Amino acid sequence: MATILSLKDAVARNIHDGDSIAFEGFTHLIPHAAAHEVIRQGRKDLTVMRMTPDIIYDQLIGMGCVKKMIFAFAGNPGVGLLRRLRDSVENGWPHRIELEEHSHAAMANAYEAGAAGLPCAVFRGYRGVDLPKVNANIKTLTCPFTGEELAAVPSLRPDVAVIHALKADRKGNVFLEGITGVQKEAVLAAKRSIVTVEDIVDDLGPVSSNATVLPRWTVTAVAKVPGGAHPSYAQGYYPRDNAFYIAWDAISADRDRFQAWMRDNVLNAGPDVFAERVSSRNSAHLEPTA
Amino acid sequence: MATILSLKDAVARNIHDGDSIAFEGFTHLIPHAAAHEVIRQGRKDLTVMRMTPDIIYDQLIGMGCVKKMIFAFAGNPGVGLLRRLRDSVENGWPHRIELEEHSHAAMANAYEAGAAGLPCAVFRGYRGVDLPKVNANIKTLTCPFTGEELAAVPSLRPDVAVIHALKADRKGNVFLEGITGVQKEAVLAAKRSIVTVEDIVDDLGPVSSNATVLPRWTVTAVAKVPGGAHPSYAQGYYPRDNAFYIAWDAISADRDRFQAWMRDNVLNAGPDVFAERVSSRNSAHLEPTA
Amino acid sequence: MSDFTPSEMMTIAAARALSNDDVCFVGIGAPSAACNLARLTHAPDITLIYESGTIGTAPDVLPLSIGDGELCDTALTTVSVPEMFRYWLQGGRITVGFLGGAQIDRFGNLNTTVVGDYNTPKVRLPGGGGAPEIAISSDEVFITMKQSLRGFVDKLDFVTSFGHGAGPDDRANAGITTKGPTRLITDLAVWRPDPATREFTVTSLHPGVSRRDIEDTVGWTPKFADSVEETPAPTSEELTVLRDIHARTRAAHTGT
Amino acid sequence: MSDFTPSEMMTIAAARALSNDDVCFVGIGAPSAACNLARLTHAPDITLIYESGTIGTAPDVLPLSIGDGELCDTALTTVSVPEMFRYWLQGGRITVGFLGGAQIDRFGNLNTTVVGDYNTPKVRLPGGGGAPEIAISSDEVFITMKQSLRGFVDKLDFVTSFGHGAGPDDRANAGITTKGPTRLITDLAVWRPDPATREFTVTSLHPGVSRRDIEDTVGWTPKFADSVEETPAPTSEELTVLRDIHARTRAAHTGT
């Protein structure tokens, strides 16, 4: 049953050293503020999973929080490679993380299977490629009706799912819209969940009868963090800060510069800085629609 | 690519004797007008599938259109048994149909697997029960990671899916909302599809970005039939005619009365009668909201 | 005290078994009345789910079907039916599944498929619908049925949904990890599974019901708990709320 | 005629290969520019799908990521990512999947995973993302890449997505029923698979490009079709529309 908490308390109560965590958000609604709180609280030995580990995981990895990463596409979208990830994998800085690598289809199906309470996901995939040779968690099974061989991967069932949503009501029912990615599946697949939201309102308002709503009893903690997705975006609130994604390439290229940025913007900051970041960028040309 | 046709032409071009057909709609949006057109055009030897064969299939069976039925719950919801179905199964009138019986979970998963292009659906089901003893299309497979034995059924991939939706635009993009059941899955799983709609509009209007929309290139034929779901309902247009469902019990109890009703209301009628049925019931207290 | 019907007592006893924190997978008929009665009396925050996809629904009248428009209009959200069965039922999010049937045996196994032989049935019943998986995926199952010799049988003609099989290990042997039927609420009594044998045992008789009434309406020799209680009679609030729902429902369904 | 870059020619040649009836699974970079150029010129009704879930999208500027808000704002509808991979890609509804990569071999197999050994890579590339299943579930695959000795290699370090394996039967042997890569569109030429061997063969050289230019930029001895055509130079409409998109995009992404 959802409890409405500060982000600090939500992370302190629900994320522990050694947990497996899915910070999800498919370009839209990436929970940056929550990841920064995890870094600030010094969590270690995390197994992190994410279809598209972009800046958010580059930061977690560079700050030494991560033991293992389950992923499908690790890049700064449209910009290039992830330099902190590369430094870990290629040079062991700050330490070498373990990788479990899948395709997008596999991970999307694995979250779906996790939400559906199944032990594995079954799909048509991985034919002719090398990934099954280096990942023991890719197996096959045979359709008992047609004999077709299908791919199977274990379902993803993290200890904690962390997402950013548009809004919640005061009971803790959570609403998201637009590119919803695998967030609903991640929350339903997880043992616990933390949802940061742009706003907490009396009533979710006149949403579609088929809106993506996570009932309060599927969510563990809700924290209001306006701007909490920045540099990702929140549909109807603020756009993607593409310029920051481009700028990250240079910030992350150098260990010292990376550490200085993290010190100034994460370790010595708090969740409140996110509201400032999006308001200074967008107030002139974007009105929240919700 | 969707073609906008009369219902008569849509059925004549797309439904043939011997076809397998899913008329879907889970209490909401059941395509009664389209089924009546199929009966009127005298189609025979159909394999019909439907999670909840209620009045619509009682009528098709009683009129001798059906060779085989794949189903999970055959009842007049909240009222009782299906008397035309019983007369076929228990007494062979007008002939004995073949039954392939599943659970709701199995059929929902089988449509989902059909839409997903898979040969079978995998789920946790049918444990301890007798249905697998009488249905050879219920098998098992084993999770290669945990060893758990899971149920498998063939995916449902009908020749034709027939649904009723709220509206389409002039290009043939189809919108539905509310209780959407398995209709999207049925259309995506089928080789061809017929969609009757309450209205055809210039633009689907300000619907949610995650609205249930079937793009025109996933639909074969669209026909405007206002009221075409009656006695089922169309959210925002007219409510379920519960009194008719109750009345059907008596109409269908007797072969002669059933045949007279079908003659007067189906064989000697046309799709236009549906608009009258819902307008006479509802104009006083229901404004279409769309 | 005598101013209530056995059917009302059954619904009210079922409603009392539900709590504010429950997430119920509701069937049509007595379960729907019981769940909504609970919501309108002692459990205002109970979550009601109908398999048509409506989550957190709060209908003003009882639906005739499991997918009446009223359910969607008042729901927190409505999902597709494949999602309902995958994420919500199979996903293990239902605390109480409600079932009934044409036939029940002493272990809470149910038949809603056929009377007689499967291939040449005497009566072709509707079939299982959601029941086979509600019975294995809900944390626990409540069954409501009116007692009769035709319905409470020594041996089912067909096992549509699994209860406790024939004893304490049968669910585990079938690979089922949930509790199964924990209450059988009839028009005459409340039954609970014997902790050792899993056979349904009368734990509470409704007001005015005798042991003989029970024995006369089940097709086996019924067991009674060591101490059988009397079910508290309906309160006037329970009766008023229940009758109001039924009156609103009748008016809505007959179109008057 | 000389007033265009090789990169522009590549994008324009790719756009021309698309038709009004296509349903394209669009990747970022050159594919996104090509697909939107096609939409804004000869194929206004083309359906563009990005794997973030946006179906029938029509962005005014090119997205930097596959999930920019612009894609959702202009889409017919947006679905969840599991649905995108299950119903839309695996469901067989994509006519053209667009791929690129860090390395390609002569059979259109692609590597976007590692340079060097998998466990001790020289360069850790992003990984496959959607590519492994785009390569097997789309009706056909178009590949766009700039030619270079580093990218056009004799042997891949890692097979991230499958093309034609090493010859005509390899797709079928791997259980794949779709056509696979049917066009390779580079900054220098258009290549198509040899009908017999499935090896990519140059069928059209872009204006001003020589066979020697091709040979100097691929790590194997390239094959040429019996009759190699010259790719028609970009029309002024094509160039104007493409440059307008890029200008709008640059302005949007740098926040100016």
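The first chain written gets the first letter, and so on, giving A, B, C and D; residue counts start at 1 in each chain.
As a working rule, a contact is a pair of C-beta atoms (placed from the backbone, for glycine too) under 8 Å apart; a residue touches a chain by one contact, two chains touch by 3 or more.
No experiment lies behind these values; they were computed from the predicted model shown.
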Q) Between B-D and A-D, which chain pair is linked by more C-beta pairs in contact? A) A-D
Q: Go ahead and note the Å separation of the Cα centroids belonging to chain A and chain B.
A: 39
Q. What whole-number Å value describes the gap between the mean CA coordinates of chain A and chain D?
A. 28
Q: List, in ascending order, every residue of chain D touching at least 2 other chains.
A: 72-73, 78, 86, 90, 137
Q) On chain B, where are the residues touching two or more other chains? A) 112, 116-118, 123-124, 148, 178, 180, 185, 209-212, 235
Q: Could you run through all the chain pairs that touch each other?
A: A-B, A-C, A-D, B-C, B-D
Q: Using the touch definition up top, name the residues of chain A that touch chain D in the complex.
A: 26-28, 51-52, 71-75, 77-79, 81-82, 85-86, 89-90, 101, 103-105, 108-109, 111-112, 123-131, 134, 148-149, 178-182, 184-185, 233, 235, 239-243, 245-246, 281
(Q) List the residues on chain A that touch chain C in their complex, please. (A) 1, 112, 115-118, 173, 185, 188, 209-213, 215, 217-218
Q: Show which residues of chain D lie in contact with chain B when the two form their complex.
A: 21, 23, 47, 55-56, 72-73, 75-79, 86-87, 90-93, 137
Q. Can you name the residues of chain C that touch chain B in the complex?
A. 28-29, 51-54, 63-69, 71-73, 78, 80-82, 84-86, 89-90, 113, 118-119, 121-133, 136-137, 158-162, 165, 170-171, 174-176, 252-255
Q.
Applying the document's contact rule, which stretches of chain B touch chain A when the two form their complex?
A. 116-120, 122-124, 137, 139-146, 148, 150, 152, 154, 177-178, 180, 207-212, 235
